[in-house]
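These are the structures, in structure tokens.
You will see two complexes here that share chain A, one where it goes with chain B and one where it goes with chain C.
== the complex of A and B ==
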């Protein structure tokens, strides 16, 4: 009966021991690592800067510097045709297809003249006057399916685009805005909230004066009579029947143009717009009037 | 001080409380018009109530902004004294901001400066710019045309120039060839004189060569003299003939 005694003894022993719980079990072997206690917040490490050299000292070399080698960007001979490329005007493009999409999705109102302000307001086009962006370049993509009759003003357009718009009975103008005017057109509200008088639009620089005075490109400084001649000539070149503008029921809307000094449709330079009081303040001082009219 | 207020704009409970609080003896209980008593203590009470009602914990400036009023009535820093700030306040909060809108336009001095800036930044009118661009274009065109004419005239002469150059090169080559042959002949003669091949660097060879060259030169000189004499004789004869003919 020795085995029975042993069993009872061991059972008695078990009963006297504490119950097994999470508090008194041993860890899995290898689950705890006895690490050295480093000094500092991150255990005395390198703070992500690596070991030795430029990285550790965090004296980052300037871009393109090759520690004493002849740098790659200076190794080539001078390429003069890139001279001044960072000063050139840029015209971020928008295609006729996109314009058609804006019209079809009711983001552009074609019962009113369209300019850069209304296109930016659609929310699907953006540009940055401080990055040498000088407005819209209307490209010819989707010109075969463009079918809206619009009075549109862009900053750059090609001959095909002009033809595509005039074929549908619309009119197009290419107009120059100086960067300051473009800032105003991009966000009129923030300008009106500064409580300043609307400034005048400045004249284009010499290298684009030909573009904006040419009737072929429908420049805003071109002679209107020459423009109507060019409209006819272009229709004959591209072989479409030019819709008669005078008999159009939207004739007044289609004939609306900005003054070369004007920035916003319907608002003249020198006016102060107050959005809070919903009022327009016009100057009466003779000198001011003269300045804003010049 | 009393104000007339239309009853319909006031909540009835508010009105009744006002009636209760009012101490004025000439209170009119008219249907249309109620006289509101706003003596100082009542106003103070109202203000205290309003203050208790404002549980937002915002600063006065922020509270003003979210309620559509300008944040500060009196300037808090130097920037608040500028014209730019005043314009901004007018632009944002309208005539309620208390700013005189005439500030929105430039003063005479500013206008003068603007004009001066524009006279420097945009010195030319559109017409002038157009003209100058046109002139530049014409100049460029003229330059291109002239260059084309120059190229055409040079191209016409190209074949002749090619021929001249080739002749010159051939002539030079022939001269070099003749001189070499002459030298070779001399060396050969010297060798023949000695009867055996001698090193050209040898002293005897050099001496002989010099001698030969001298002889050759003498011969040449003689030949030239003879040729000259012949020409002279011919000339003299010619002259004689002319004289006799006369």
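== the complex of A and C ==
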């Protein structure tokens, strides 16, 4: 019998066999472990627990304990600047260079205001609100090449970053979002699908109120007149001609800001978004309106 | 599987003719029960909470205005995730330093396509706690051996030393011993990839 015939025959055999399904497959070898504790030659004696001590008795020492030695973690004096590190807010960085790259590769639309939702939507930035991440820190890498006119909203920015954006005729705002709002901003679709009403954004905690009300940092709670003064002051400091916003053809887009209680652009707190029927439910009840306006 | 079904049928046997007893349990011989079909008779005295009828409809407490296709829907669409990675629209300049692939690269006997994120598939692989650095060129199509020779020549000219490479023809990648990612990127851009 030639090899061709063997192939034909085995293929014919295979065709007559039942289809592979969950009902006729076997587990991978070694995937099931015998939970019985063997005796004697079948894994008896010490049963894999070793000879004497913690292994056999499961009285494992606490972490860092060195059986009476002065433990390593207590040997040097404490470092107070790490105190409360697990409570501090973190702002995962994204640089101006990366933002420019997102714009160049059409991941970000600069004809619309950019916020954390649109940056996460690009798929190349991620953050985890449950791990004390409170939004974007816009860093200064690539500030010399940055040349897009944008209306951007970030959570933390330095002076030179603000200057780099305003030099190109753009606008930057620093805004605070509470973790719950950030969860919604990270994945708006899954939130809309739950059918819940959009909540209000919370006000910043006391230690950052100063940052978000300062015009130098372009805080979202700052006085707009003071911000325009600061824009001029910064342009004089860094030595560039400040483009006039009012004469810009995208003036309306550049002036678009969120309400301090608003999470998404154009969508007010209290609204329910129905993705399937493409409709928006707006509350009419006076009590609700008052609640969401406060 | 068979054993599982038999046991479920055995369970259902208790409820034959007594469908009122099965509340949310729909494992009743393939018939899907709705709450209406198994509503508890009203003559029962409710000594136990489990005997009371199911809640049928929760009354809506607040009044809502329902708007179909409102003008604000554009703001919702802006938030929905991208279906595909958007193709790059040609521009005059790319300030970020990103370079678009050129058409003439397709005429070469070897080819390296961009990744789905429009980047070059050239990576630095660091292993052995940073002791071993290997530059990896992936997704190579066409004459991989010719490409290997050219890369070797280019790097030898730039760095003035022997460059060790490894070609995996089936896996379609070339590994270059050492960190030459930037130089290799420059070479790939010069070829138009």
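The definition used in the following text is that the second predicted complex is superposed on the first by the 228 of 294 C-alpha atoms of A that agree within 3 Å, B and C clash if a C-alpha of one lies under 4 Å from a C-alpha of the other, contacts with A are read in each partner's own complex, and residues count from 1 in each chain.
The rule is simple: a residue touches a chain if its C-beta (ideal position, glycine included) is under 8 Å from a C-beta of that chain, and two chains touch if they have at least 3 such contacts.
Everything quoted here is computed from the prediction, not taken from an experiment.
Student: Looking at the overlay, does A:125 come into contact with chain B only (first), chain C only (second), both, or neither?
Tutor: A:125: touches no partner chain.
Student: In the overlay, work out which of chain B or chain C sits against more residues of chain A.
Tutor: Larger number of chain A residues touched: C.
Student: Of the two partner chains, chain B (first) and chain C (second), which one does A:238 touch, if any: first, second, both, or neither?
Tutor: After superposition on chain A, A:238 lies in contact with neither partner.
Student: So in the superposed three-chain picture, is A:209 touching just chain B, just chain C, both, or none of them (first/second/both/neither)?
Tutor: first
Student: Figure out whether A:221 sits in contact with chain B (first) or chain C (second), or with both, or with neither.
Tutor: first
Student: Tell me the contact category for A:276 with respect to chain B and chain C: first, second, both or neither.
Tutor: First partner only.
Student: Just chain B (first), just chain C (second), both, or neither: which does A:265 touch?
Tutor: After superposing on A, A:265 lies in contact with chain C but is clear of chain B.
Student: Thinking of the overlay built on chain A, is A:195 touched by chain B (first), by chain C (second), by both, or by neither?
Tutor: first
Student: Just to be sure I follow: which residues of chain A are touched by chain B in one complex and then by chain C in the other one?
Tutor: Chain A residues touching both partners: 192, 272, 275, 277, 281, 283, 285, 287-288.
Student: Across the complex, what residues on chain A touch chain C?
Tutor: 22-23, 97, 100-101, 103-107, 112, 117-118, 121-124, 142, 145-148, 187-189, 192, 264-267, 272-273, 275, 277-285, 287-288
Student: Note which residues of chain A are touching chain B in the complex, please.
Tutor: Going through chain A, the ones touching chain B are 192-197, 202-203, 206, 209-210, 213, 221, 260, 270, 272, 274-277, 281, 283, 285, 287-288, 291.
Student: Which chain B residues qualify as touching chain A in the complex?
Tutor: Chain B residues touching chain A: 84, 86-96, 99, 101, 103-106, 108, 111, 114-115, 122, 125-126, 129-130, 132-133.
Student: Given the complex with chain A, which residues does chain C contribute to the contact?
Tutor: Per the stated touch rule, the residues are 1, 62-70, 72-76, 78-82, 85-89, 91, 94-98, 117-118.
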